[in-house]
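First the structure, then my questions, so here it is.
When the chains are written out, they are named A, B, C and D in that same order, and each has its own residue count from 1.
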Amino acid sequence: MSTDDAHDPKFGEYGGQYVPEALMPAIEELADAYGRYVLENEDGFMDEFRERLADFGGRPTPLQYAEQLSARYDTDVYLKREDLLHGGAHKLNNALGQVLLAKYMGKERIIAETGAGQHGTATAMAAAHLDMPCEIYMGETDIARQRPNVFRMKINGAEVNPVTVGRGTLKEAISETMRDWATTVENTHYVIGSIVGPHPFPKMVRDFQAVISEEAREQAIEETGGLPDSVVACAGGGSNTMGAFAEFVGDSSVDLVAVEAGGSSLTVDEAKGVAPNSATLSTGDEGVLHGARTKLLQDSDGQIMESHSVSAGLDYAGVGPELAHLVDEGRVTPANVDDEAALEAFHRLSQDEGVIPALETAHAFGYLERVAGTATDGRAAEPRDEHHDELGDTVVVNVSGRGDKDLETVIEETSKRDLSIAPDMSILNRVGGGGI
Amino acid sequence: MGLERAFADEPAFVPYLAAGDPNYEDSLAYVEALAEGGADVIELGLPFSEPIAEGKTIQDAIVRSLESGMTPDRFFEFVEDLDVDVPLVCMTYYNLIYQYGSEEGPRPFVEKAADVGIEGFVVPDLPAEEAGPLREACDEFGLDLVFIVAPTTRGERLERMMEQVSGYVYVQARLGVTGARDDVDDATEDSLARLSDWDVPKAVGFGIKTGDHAEEIVASGADGVIVGSALVDIVAEGYERGDPTGEIADELEQLARELKQGALRGAQNRPQPERT
Amino acid sequence: MSTDDAHDPKFGEYGGQYVPEALMPAIEELADAYGRYVLENEDGFMDEFRERLADFGGRPTPLQYAEQLSARYDTDVYLKREDLLHGGAHKLNNALGQVLLAKYMGKERIIAETGAGQHGTATAMAAAHLDMPCEIYMGETDIARQRPNVFRMKINGAEVNPVTVGRGTLKEAISETMRDWATTVENTHYVIGSIVGPHPFPKMVRDFQAVISEEAREQAIEETGGLPDSVVACAGGGSNTMGAFAEFVGDSSVDLVAVEAGGSSLTVDEAKGVAPNSATLSTGDEGVLHGARTKLLQDSDGQIMESHSVSAGLDYAGVGPELAHLVDEGRVTPANVDDEAALEAFHRLSQDEGVIPALETAHAFGYLERVAGTATDGRAAEPRDEHHDELGDTVVVNVSGRGDKDLETVIEETSKRDLSIAPDMSILNRVGGGGI
Amino acid sequence: MGLERAFADEPAFVPYLAAGDPNYEDSLAYVEALAEGGADVIELGLPFSEPIAEGKTIQDAIVRSLESGMTPDRFFEFVEDLDVDVPLVCMTYYNLIYQYGSEEGPRPFVEKAADVGIEGFVVPDLPAEEAGPLREACDEFGLDLVFIVAPTTRGERLERMMEQVSGYVYVQARLGVTGARDDVDDATEDSLARLSDWDVPKAVGFGIKTGDHAEEIVASGADGVIVGSALVDIVAEGYERGDPTGEIADELEQLARELKQGALRGAQNRPQPERT
């Protein structure tokens, strides 16, 4: 990263600052602070950030050799264990960075949007840790379906503001948080949750998340003696993705694969404005959303579509402009994995490796299965030959988060399908009791 | 010449409504009522699914309009169907402008808008930095591009905007999003002072509700008042109650008249306006 | 630790091997394996264990300086972050060690008991990781009230066997697992969940958990230049406790405080055989339970009492024999914190430090508040003078686990009380939806 | 001398019931019925709250007994109230023995047991290694201490047990916990072979249900059969059905008779027992 980054809002054609005038001074101030504190380590900002990531966040996270998956795919599979980060997902890297930056900037209040609640909980934790008042906007629908995360935010002392407009999901929560910010820019920092939004957010969030690939690259060299052949990460907005890719972008031998949510189908319903997926990189087109030009799921008029995925954290109609750019450049390969394959991968990783991944993360493992698994659904796989083309001999998969938050969804969605890999959950009916 | 003419003789009253709220037919009647009530320019909202700059009132209007089937093409039809003799400005978000037509970029949208008689644009999520292509298209088809100046806009950014603005400048009376409020903010006077050497009319908006507000705003030096949420409220409340279209239209016309009168009163109290 | 440990089943008068004859060969075989693999690192067992703890478990865990608490108590408070271990609690240290040992011993099947479900989930994860079939015994009552953990075990591929005898809680599950073991000793290893049970379990579990204090001792020296003045840990069976104490036992300048569950009261109801607490070290007497002589909650006849605590993981009528011994020797100070003080401490740590502790862990923080906090319930505390006697200038608190599993309990128990520190949870009523 | 006498002349039938199951009075009748049916020794269970060595049948019996108020003191009363002329063994867990009386250790319990006429103990959670203090107290008051030999008990451990055992040795017929089963395990013969040079009677238990089982066991060299769960089942089922006490007692007596007869038959089929 160079300090020019602070003043260049674009990634090729993508990015920019498409925001209401009232926000422009705030994002200019932020771009300036990003340049000084993040890029130039003014006042030792980055040192403090890294130290807190270690002591409070639990970094470095391990790069774990996955024995069972490696045997199954006849390829060395390494897991970058962001699920072990405090809060249970990579989200804290960014949240801690931004809340600390807000503190350096003299802001007195933190706001953030959240969809699945992962970014909200990470922000609430970081704000509590750094003693900053914090308000989280969350759609009413999401509040109802992500209650444990609502509890966690409240318990960390954050206010949770329900957003009642529209469908009451992430899209609406982002818009609402921008509205709050437009009113309160002077003392408030808006902690955006992924590499989306107006410049400098996409670059800044990437830089905070880049610690993932900094560590993984070093660990891979140390453990395997060289660079991996490919790095695979799921992509919603794309922050864990760019975090996992950033330090490898310059290594042309390393394939970078961004796996999006294929949902139930790639076919959109234009009339209803609904995409039953969130495969923005593979199926979206260029447009402007939430402050940036990027790839979007939109109808032919340019109205944003409802996206859909079994995993709430991938359920977003946009994607980070940098990823859109890297896909256009051919540096990043977009892929998508549908709900069912993600659920299967969720169960496979849980049973074979003892790591329960977030449903978001499970998409990345669904990709492994597709390109290197067998056609049959037996657990003892006969690896196909061609897979080395796709994964190479060593693949790093970013385990962006843990699946505790998804248990209820997984059980419900699994029960709707006939997955031979799914465990028998009937004990929970035999022995009574309430909800999760 | 362009929208500036609407501000030339007296303080302008610039109302906003979302086209198609709550449906196509009624909305035609409401917009026409504003013209009857004395509108000098009408800002017509083309609803976008993610209106990040709007308060709850206008968000709700946008939802009603979208649900009743509003699209860019319907919007252009709407403009054609309107029976008003007042300059029209299209207020929308950049993605709709950008996506329109087969060719990439804003040109097809602007061409079509010009074709149906739109005279200018307000695009809340398009800051001067990103406005190049739209400005060009507007120049090509002779349309105005209105920018919003916020209480926080200063220095370089103000200058960049001054270079590109035409028609009028939309002075945002306070931080935040659109929505009718009960007071008039000090920020307005400060903003007007910062813009005093601009030779484009200054219309103040955000939160203006009554004739007295309008009077106060104009008295402090504005060339016009922009009123949105207060009018949308009338549509929303009438719609909720199931009032007949005519009654709602009358109410709108009445408030429009009050606002226009307020603006006119304000002009009389103005500290020695230098007319050119 | 010395290899004599493998053959000495006692801690003073405590410990021993009070088990049915059918189990004796199994625990003798285990004691032998403990001596060879754990104490003598035969076949590099301990090296592999430590490596897996790092790569799979996420060790080392940080020793974090707690800024807000340090200010509040006018003492440097450090958090040993076992909550960041894979699975969310210290339990994995032991589970991974035992499952790996079972593998070295050539066993083919893992069984374990669980109460709150933490040890069961840790064992299920370790077994999945090491590709061992695994069955977990869990009381029916606990299954109903700890559903998320039941889900996690099932999802990791374990069988969960409901125990219907008696109250259907931990006590009964331990007895039932011992019964299974008595039938299957030849190919099965019983992974006990704390430093309880017959020799060699108490020593072996301690040794697996001792990594906590090995790290903490080094980290404390590195970060503060010396040893802490005190180490505080909660105690149920006492595994996180002895894990946090083990390497400090020889440092006579370091006070060791074991904080048990005071429950709702320290007074027992002899007639009903019910103790409304689990304060075994402070109020129990010597007896024999689950294979060891130790301190117990029992009536005057020697029947075991029902213990009670708001935190399921402390809710056990016994305690590790080594802790009982160290308390009698005066080396460990027993303390107890009641349900209400634990709940308050839970909220305080969550809000002030951004760390949501397990309810078990919260008891350790309740102790800090009691000895160093203010009498008033205001958040800006005036520290009392005497507290330096109790904590000294530097205190390490073992954060044995994270509180995600406890959200529902905390909300319910908080709503029954008038705690000024509790967040307003009414949003969850305003916005509809099901259980957690 | 002591319990051995019960095995001296013919194979012994050793039934088990939990004292106080399902209540004090009925339980007296049931134990007496066993004596009527031909019991040579009776193992009387004093229920402990954590019976780790018992299967579900006996666990349930223990719960019934505890719920009807059984305690160590009531147990001693129970023994005094029993009208039987058969040696009694107390089967319980070590904590109850250890806690009894004001003085620490097993002595007070043993003294009291001797006082009411108990002649020996079986303590499933007390292996030979931990039995020193209890053995001493038993010696002091002239009681026997029975140990359980499991199919897995071998070598050193077997020797240590041999040094301490008296009365009879309880040969566990299979791995696992108590509970009636339908087959006779090979492990029994192996165990009996391992113990062939012990000069204490060998009673085989765990899973014996019928006269034919008993016959088979004795035929393979056992000096006696221990039967628990099959008898407890009769108590449990009768209790569930609400049968009159007399009927249940009759059933117990009948099964006792069958088992005793089976044992006697077994002795006749024995491969040349060398009598001393």
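Rule of thumb we're sticking to: a residue touches a chain if its C-beta (ideal position, glycine included) is under 8 Å from a C-beta of that chain, and two chains touch if they have at least 3 such contacts.
Here's who's who by UniProt: A, C = Tryptophan synthase beta chain; B, D = Tryptophan synthase alpha chain.
Since we're looking at a predicted model, the values are computed, not measured.
Asker: Under the stated touch rule, with chain C ignored, which chains end up grouped together?
Answerer: A, B | D
Asker: Select the chain at the greatest separation from chain B, using centres from the mean of Cα atoms.
Answerer: Most remote chain from chain B, centroid-wise, comes out as D.
Asker: Starting from the mean Cα coordinates of chain A and chain B, work out the distance between those two points in Å.
Answerer: 38
Asker: Centroid of chain A to centroid of chain C, CA atoms only: how many Å?
Answerer: The answer is 33 Å.
Asker: Taking each chain's centre as the mean position of its Cα atoms, how many Å separate chain B from chain D?
Answerer: Going by mean C-alpha positions, chain B sits 96 Å from chain D.
Asker: Taking each chain's centre as the mean position of its Cα atoms, how many Å separate chain B from chain C?
Answerer: The answer is 65 Å.
Asker: On chain B, where are the residues touching two or more other chains?
Answerer: Not one residue in chain B touches at least two other chains.
Asker: Touching at least two other chains at once: which residues of chain C meet that condition?
Answerer: Residues: none.
Asker: Could you list each pair of chains that touch one another?
Answerer: Pairs flagged as touching, ordered by label: A-B, A-C, C-D.
Asker: Okay, in this complex, where on chain C does chain D touch?
Answerer: Going by the criterion above, the answer is residues 9, 16-22, 24-26, 28, 165-166, 171, 174-175, 178-179, 182-186, 273, 286-291, 296, 298, 300-304.
Asker: Where on chain C does chain A make contact in their complex?
Answerer: 54-56, 58, 61-65, 67-68, 81, 83-86, 88, 124-131, 140, 143-145, 147-148, 150-152, 154-157, 160, 162, 347, 350-356, 403-404, 407-408, 410-411, 423-425, 427-428, 430-436
Asker: In the complex formed with chain C, which residues of chain D make contact?
Answerer: For this pair, the touching residues of chain D are 48-56, 59-60, 63, 66, 71-73, 93-100, 104, 124-127, 129-130, 147-154, 157, 172, 175-177.
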